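Structures given as structure tokens follow.
Each of the next two complexes has subunit A plus one more chain, namely subunit B in the first and subunit C in the second.
For the complex of A and B:
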């Protein structure tokens, strides 16, 4: 048992309970409700945490993170555990790269790295109708979003947003190279103003697709250039910022 | 008499007992549960926590479509603010609007007149047209652009 604020940036283990400062809805406060107790914002309890009677229960090991200005309704800030793992667990709303493994009538089966294969309806593509089927073959890479993802049901993916537009989702081009990295590295790459991405973008023209399931698809003008990017991205996992800069300096001369 | 009363009270007592038993079947003698509003939202995704970017990226003009999409998707939060500002500025100024509608007053006015009145108006127009036509034609003449 420790106060959540004191643990920010420190290692937390499954079973730890983080205490939160008292809420204004507690009985003592309720009596002087007229006194103008400011309505506290809701607290966002992110991945690796679960709420319990005393506060927050830790369910993953990693570093506790906190952000004051949580997105949307969570004005009270957000806590989550920054953990290192390789196994992806589907989460609703996540963008992932899936590999088509089967075409079974109306749905495609996609391997997304989770415990179960995700299903993708042939109608969940931009501009698809019953007559106009998307041209999807077994082995194709698909960038999509989870519509249904919970522990009891088969995850379902779509390649359109709520307004029916694809917004870059759908089949990813034929060539290019797919690699698998840890989920922590993906988050590092997707963070706003990520140093790795900024340094790589100075090298030469290339294209990246990053899935939250740890898959990265890379394409550059030549196979050699593609492989250079791939090797740097894979090595980033175990390199410090300085080592990375040294490695990049070698290629920027070419 | 005494017996009769006894039987009545007995019946009443029995009924009361039955009621109590039947009520006990359906209700648990527990203190009322307090409803408490939760101030914690559970979220399984990293997206709202870490403000992650859109997963498709292109650099140095490799795929211009994706680069456009990147700007669009990664500035969603900021864009909304800009859009609000745009709405505040009127596309058409008040003066322009007034000038536009000045010419429409006659045409729309006709709509609300009776048919007979419209005919009179047209006749007047025709009478007037004989005078105005030449001037109109002069107006419509092709103007040579100055170099």
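For the complex of A and C:
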């Protein structure tokens, strides 16, 4: 057992128990009297962690991360485990790329890489009405957001935000190239001011759609340029920053 | 190799493991994969899940765990089936299946070479595979095989020859935080007093 704060940035393994500063080792039987106790910040338990009697139980291996959320109370903030994983589990609010596998009446079935196919109503597109149906065919790629993602229910997707605008979501065009990478790489690419994206954008212009389910859709001016981007992105999984810069320098020459 | 090991073991009073190693994420198709080597015994594990359930095995409250043990040659027989059962029960104790109800977790173990202590190698490969797949686990676990030779001495991680000569072979699966026994199986006969292998 170790204090959660001391383990931030370090590798944790399933079965490790992280002690929280809010629960000092002294006996918990004693009641704290008076309002003198510091207002405890809300503790958020992110992916790879569970609450247990002693503190936080680690359930995945990876690096422990922590983010302070407002306030400044010692116990507050969010803890999570940054792990490398290939299989996607739907999470509410995540933007993903799905492949249409079936058209069943008024809903489409989408393969998003999870354990179950997601459903998407034909009315969940911008400007769609009962008469004006979106033109969706089996095999099309759709970029959408999870409205319902619950372990006990079928996940449900939409291609509009709460104000009814598409906001970039919808059917992805016919051409382009779809690849599948690990979820860790996707998170790295989606991080604000991602180095990889910034370096790639200096090569030549291209379109990129990143789905939290590990799918990337790329389209550049020519097929050759598209494939170059695809190969670099796939290789990023195993390259260090230094190797990546060398590889990119090769392409930026011509 | 075998002669060397016997020398080392004699020096350590019988309590010595063969050198072991592990490689994770070596297969591209499964969600998690691991190869585990214990001496000349090696097992390759591939893990799929949480994935769609095939057929009517779906459970409403937790994930279905399926273990497939493939022998080096031929089709799986009765021994493989019995080991699959043991491995499944061990993994079920550790995997937090309630977090992924109505899904299936499939663990495929391929024996690459058997030079003794195969079941413990399978257990170790399974744990490393689960870890690589990023499935929620309540703890880690490991497997160890012990052989009781005719004189009553304990040999850890026995080779095939030592297994053949042994009076009894015991395999344990032990979890990481409290070192509790998750699974135990015996082949051969030994008395209760001879079972000091149980961790304190």
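Going forward, the second predicted complex is superposed on the first by the 231 of 254 C-alpha atoms of A that agree within 3 Å, B and C clash if a C-alpha of one lies under 4 Å from a C-alpha of the other, contacts with A are read in each partner's own complex, and residues count from 1 in each chain.
The definition used in the following text is that a contact is a pair of C-beta atoms (placed from the backbone, for glycine too) under 8 Å apart; a residue touches a chain by one contact, two chains touch by 3 or more.
For clarity, every value in this text was computed on a predicted model and none was experimentally measured.
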Subunit B and subunit C placed together on subunit A: clash or fit? fit
Inquiry  = Quick one: is A:43 in contact with subunit B, with subunit C, with both, or with neither? Answer first, second, both or neither.
reply    = first
Between subunit B and subunit C, as viewed from the CA centre of subunit A after superposition, lies an angle in degrees, nearest 10, of 140
By the touch definition at the top of the document, which applies to A:85: first (subunit B), second (subunit C), both, or neither? second
Partner touching more residues of subunit A, subunit B vs subunit C, is chain B
Could you tell me if A:57 is touching subunit B, subunit C, both of them or neither one (first, second, both, neither)?
second
For this session: Considering only the touch criterion stated at the top, classify A:65 as touching first (subunit B), second (subunit C), both, or neither.
Result: first
- For A:187, select first, second, both or neither according to whether it touches subunit B, subunit C, the two together, or no partner. first
TODO: Determine, under the contact definition given at the top, whether A:161 touches first (subunit B), second (subunit C), both, or neither.
DONE: neither
Practice item. Tell me which partner A:115 touches in the superposition: subunit B (first), subunit C (second), both or neither. Key: second
Across the superposed arrangement, the tightest C-alpha approach of subunit B to subunit C, in Å, is 11
In subunit A, both subunit B and subunit C touch residues 50
The answer for subunit C against subunit A in the complex is residues 31-32, 49-53, 94, 96, 99-104, 131, 133-140, 175-177
Within the complex, subunit B is touched by subunit A residues 20, 23, 25, 40, 42-47, 49-51, 56, 65, 67, 70-74, 76, 78, 80, 91-95, 143, 167-168, 187, 190-192, 194, 197, 200-201, 204-212, 219-221
Seen from subunit B, its contact residues with subunit A in the complex are 36-63, 66, 69, 73-74
Given the complex, residues on subunit A that touch subunit C span 13-17, 48, 50, 57, 59-62, 83-87, 89, 114-116, 151-152
